[in-house]
Amino acid sequence: MAVMTYLEAIADGLREAMRADPSVVVLGEDVGVYGGVFKLTKGFLDEFGPARVIDTPISEAAIVGAAVGAALVGLRPVVEMQFADFISNAFTQMVNVAATSAYRAGGCVPMVVRAPCGAGTHGGPFHSQSIEGYFFHTPGLKIVMPSTPADAKGLMLAAIADPNPVLYLEHKALYRSQRGPVEAGLAFEPLGRAALRRAGTHLTVLTYGMMVHRCLEAAERAAAEGIETEVIDLRTLLPLDLETIAESAARTSRVLIVHEDRLRGGLGAEIAAHLGEHLFTSLDAPISRISAPDTPVPYAPPLETAYLPSVDRIFDGIARLARW
Amino acid sequence: MAVMTYLEAIADGLREAMRADPSVVVLGEDVGVYGGVFKLTKGFLDEFGPARVIDTPISEAAIVGAAVGAALVGLRPVVEMQFADFISNAFTQMVNVAATSAYRAGGCVPMVVRAPCGAGTHGGPFHSQSIEGYFFHTPGLKIVMPSTPADAKGLMLAAIADPNPVLYLEHKALYRSQRGPVEAGLAFEPLGRAALRRAGTHLTVLTYGMMVHRCLEAAERAAAEGIETEVIDLRTLLPLDLETIAESAARTSRVLIVHEDRLRGGLGAEIAAHLGEHLFTSLDAPISRISAPDTPVPYAPPLETAYLPSVDRIFDGIARLARW
Amino acid sequence: MTRAPRPPRAKAARTVSSTAPRKSGVVREFAPADLERLYHYMLLQRLAEERVVKLYQTGTIVGACFTGWGHEAVAVGAASTLGPDDVAATLHRDLGARLVLGMPLGYYFANFLGRSGSPTRGREGNLHIGGLGPRILLHTDFIGGNVPIAAGAALGFAVRKEPRVAMAFFGEGTLATGEFHEAANLAAVLRLPLVLVCWNNQFALSTPVAREVLGPLDVRMAGYGMPACSVDGNDVLAVYRAARDAVDRARGGGGPSFIEGRTMRVRGHSEADDAAYVPRALIEEGRRRDPVGRFARHLIESGALRAARLDDLRAQAQAEVDEAQAWAEASPPPDPAELERGVYCEATPWP
Amino acid sequence: MTRAPRPPRAKAARTVSSTAPRKSGVVREFAPADLERLYHYMLLQRLAEERVVKLYQTGTIVGACFTGWGHEAVAVGAASTLGPDDVAATLHRDLGARLVLGMPLGYYFANFLGRSGSPTRGREGNLHIGGLGPRILLHTDFIGGNVPIAAGAALGFAVRKEPRVAMAFFGEGTLATGEFHEAANLAAVLRLPLVLVCWNNQFALSTPVAREVLGPLDVRMAGYGMPACSVDGNDVLAVYRAARDAVDRARGGGGPSFIEGRTMRVRGHSEADDAAYVPRALIEEGRRRDPVGRFARHLIESGALRAARLDDLRAQAQAEVDEAQAWAEASPPPDPAELERGVYCEATPWP
């Protein structure tokens, strides 16, 4: 199996889909000639031509809206947001148009919106955000966020295959830092299934995105102190794999939720509320959450470092919970 | 004390503020000549003139953005969204510009965005939404939602007085259905304080907006069966009055959260997660949530009725929890 | 998703013998059957909306009630230039366009009445029907929001190199919106086969056009780099001619065009609005220029149709309205058990 | 909020004796001190950005690095027409405008270096400084998003009937955005005292202007119902004259105006971009038309300034850059304990 970076794996999935089906097209700002600001679609214009790799003006609302229209007439558009942050300009088309199409009129909108997100690259408040918290509340959308190259490709293919609008979150800090084996061809990774990254008996850590790697590191440290941590990578954030989550939580009876997104109204809130209500009698400790603080993402390295949940903080959370 | 409808009370608060300070202005679509689609600003144009009651083109993003700019040079703009649903067009200006101003640059943005929201008026998917779930996740914003005429006026005045951007949610179904005594003059109701609507010992119901009235009705029914329900009206949704909430929850040891907004990622999730973590040892039953389902708001009366949490559903939730 | 049976389709008026007394240019330019078809759909919109207003006034219809009174020529004239594979994004004054594109009139009543027989299964209200199979694109209440969708459909045709055209309908106030702007600009830059049809009815709710956008609309839109024109929106043939040129240009790879149809909103914004803010003179003048009556007179004077034939057509349209309403009323209200169904589309295997 | 002491202010070059050898129209139109001031700020932007590029290349500055190379004439020429109470919404190529409006150069370095001394206290990066007291409005990274804010400031002035003007700076790609459109249209309809200053540097990142918006920018903007013109954006005096007229008109109640300053982005979009997609010839031609060098030559040829004086000015500007950088480097990095402070403004009693 080929070894690829997270970024190469996303591109590989997208390329395979475009080779498999001429109705898959890419559109966004600077995706063609430039190959995208992260060079993810580099070479796509040459291979697929300007009719399928479409450079657009700076118009997020129209880009997403056009993807909806194109999907309605049979294309499978894959939109690139230059940075996830800018998707707020397309909020209406995302949550009110694309997401409600099936429910209101039975119209399928098979489209993917790629959103390079996350902090750690000194991008400041508008080039670093986690945006899942804004979309998780929306019926009709699906949201995925891979943490490994294999998932990056598999989930991209599954997102394109899905007949619903899918928000595909790719963490900028993982683009080149993550390398791993990736299957060739149409190697789908089905939506809606969490992945067990580490088996454990003392507590369950639920996480996704860049935090998966920090949680695994913290779990290793905890193991050195005799704490066996189970780490689950959610992968699909909407719809959540509640079955897998609940099974593990019931088994370990202790749950720590870790995400990079802000605390208030983040995914952790819904998961904690859900488990707290349905596993009330089987929990031996309060469900805890570790996340970024409720502030914008600061630019200066000392602030940005303090902003992101660290391995130390996660380790402390694990230790506290295990001893509870 | 004068008796007013909820709508009259909002208008009264706004009028008093405009009389007290010439820097308070109203802007939005059809707010002047027409007096707003709900006639809330009827007569304002005559009293305050076109310089302070400003009819704008259909441009939600520019309206909110202009309010930010006007606030930065010393005005206290009060924006009217014709319907809360359309605020998605101004999402960038709300969450990324207005809300982050203080944190990023220390710039105060004293502005209020009025959003007529809520279902029950056969408005369909785009004239009926609850939008707090989309904004609750945002640092730097405040969110209020009155349930009584007195609060409607008091919170409007406090929202205008606040140096931060405040999203003021007004429930369309309460506009003319709620009547009550309202103090004259600048009768402020401070932000950030929940209100005890009904004292009880067996369980705590946390709610806001139109659901306050349904919860009180359900609580009365429960009382007939010997269940003493405490009903707390959150009033300010951001920042939450966690003190009052936690005190009551700890005292009754049973919590039911009721809101009109959808379940997943709604306010109830954060409140349940917070209380579940901090009151773990003092809760005798799982924190339960009652809300609308995770779907758009349907139009047809039978569907819309089934969509909204009913007094029956709330009563059953109270009874179930009390017996748990 | 459970779907009620399709209601009867709007009948395109059958051809008349073209042995009319006098002949004129119009008769030479248009086949009598085409003229009848235009008139038929305009009349059908008018009569259907008259009926819905009655149902609203008697409380049978709840929520909001919009009509396209005075907009029939723009709706029918423009939509009639579309080919069988073309699509349109419609809005709240263009019922006639939906009918021309094949929407069964029963759907209109079923949607207003919130019945399961409507394509939205009662989930949407009043005119907010869309996603009607291939030809009528997903509806959105967001003013301006339907234009990116239409541009996207046009993009789809361009990508596939299909000789198809997308049309978007909207009012003049829509030109103020960011979504309209981004979509019109995108279409111009990418030379998409899109036709932008604007009914300028002088008001956006209570806001006069001069408070929405300054200057002539066609001049403004020409600045986007697309052919733009302004025609009498109460003259169905003028609209038809302008739209035909735009559709041909789009189909031929000439990119998007903009058409302003000048008209007047002769009723309130919705039936809940008495339009007290509109000078009476404007409304009366608008009524005098009523596109339906005017076209009827024109058909007779030009010798295209006999008065008796007009009466037949009215009777036939009236019957269609009765039939459509009956069909809708026979359709059951949606079952609350359906409330949570269909939030997602069911997976179709890909690729 | 703890704030570091203010850094030294950019020194406006002192007046020279106007006994220059030859006299020309320019000298008659502008006082020598004004010409020097224009040159001073253009040079200051250029030298400061050269320094920042060095710091970026050596890894001292992290994140993104943008410069306004070739945009100095638009930035300085337009901003110099503003009065002491006027405001501007700036963006990423207009450092000179911020300096003209009184931003201490030290803030620029402190923000790039993420130091607590910057007005953003290290929370924002690179050029994203804003909310600098009364004159420089809140910055936003969202292309197009600063125009509604500027329009709102202008609205505030109009409401208060204050003779003040708001100016917004942006590039040509910004014209494609919905926020720009809505704000420009709003300003036109409400006749707000707003001046829209567009540097057309031919590219929006990799996208040539013809793929962002079609047709001449000034023609398009005239369609919004506002006076619009296009000038040589590398000629600071041409920009100054156009902006002066627009500012006067705005102040006089004549509403908004649009000014296009034609120039060329002679470097990459950011310093991480080698601009391989830009024809070399375009860049070389842009370099030849470099506004700073060109203005220097013009000042000498017109007899406004002696060559020796230019050397003094350069030395003085270089010293200011050194001083500003030193001030910034002396400012401590933000304290992580500050991370969660200041999300809300502290209440000020009202009314």
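As written, the chain order gives the labels A, B, C and D, with residue 1 at the start of each chain.
As a convention for this text, contacts are C-beta pairs under 8 Å (C-beta built on N, C-alpha and C of every residue); 3 or more make two chains touch, one makes a residue touch a chain.
Model, not experiment: these values are computed from the prediction.
Student: Among all chains, whose Cα centre is located farthest from the one for subunit D?
Tutor: C
Student: Looking at B-C and B-D, which pair shares more C-beta contacts?
Tutor: Contact tally favours B-D.
Student: So, what's the distance in Å between the C-alpha centres of subunit B and subunit A?
Tutor: The computed centroid separation for subunit A versus subunit B comes out at 31 Å.
Student: I'd like the Å distance between the centres of subunit B and subunit C, where a centre is the mean of that chain's Cα atoms.
Tutor: Each chain's C-alpha centroid was found; their separation is 37 Å.
Student: Just how far, in Å, is the C-alpha centre of subunit D from the one of subunit B?
Tutor: Taking the mean C-alpha position of each chain, the two centres sit 41 Å apart.
Student: What's the distance between the Cα centroids of subunit C and subunit D, rounded to whole Å?
Tutor: Those two chain centres are 47 Å apart.
Student: Show the residues in subunit D shared as contacts by 2 or more other chains, in ascending order.
Tutor: 120, 123-124, 140, 142, 176-179, 182, 185-186, 189, 211-213, 343, in rising order.
Student: Give me the residue numbers in subunit B that touch at least two other chains, ranges are fine.
Tutor: Residues 57, 59, 61-62, 85, 88-89, 92, 96, 103-104, 125-126, 139-140, 294-296 of subunit B touch two or more partner chains.
Student: With touch defined as at the start, can you tell me which subunit A residues reach subunit B in the complex?
Tutor: Residue list for subunit A touching subunit B: 85, 88-89, 91-92, 95-96, 100, 103-104, 125-126, 133-134, 136-137, 139-140, 262, 264-270, 272-274, 276-278, 280, 285-289, 294-296.
Student: Which stretch or stretches of subunit C touch subunit A in the complex?
Tutor: 1, 87, 89, 119-121, 123-124, 129-132, 134, 137-140, 142, 145, 147-161, 166, 178-179, 182-183, 185-186, 189-190, 342-351
Student: Using the touch definition from the top, list the residues of subunit D that touch subunit C in their complex.
Tutor: Counting only subunit D, the residues touching subunit C are 175-179, 181-182, 185-186, 188-189, 210-215, 219-226.
Student: Of all residues in subunit C, which touch subunit B in the complex?
Tutor: 62-64, 114-115, 120, 122-126, 128, 140-144, 173-174, 176-179, 204-207, 211-213, 277, 333-336, 338-340, 343
Student: In the complex, go through subunit A and note every residue touching subunit C.
Tutor: Within the complex, subunit A contacts subunit C at residues 17, 20-21, 23, 25, 27, 51-52, 54, 56-57, 59, 61-77, 92-93, 96-97, 101-110, 139-140, 142, 160-164, 186.
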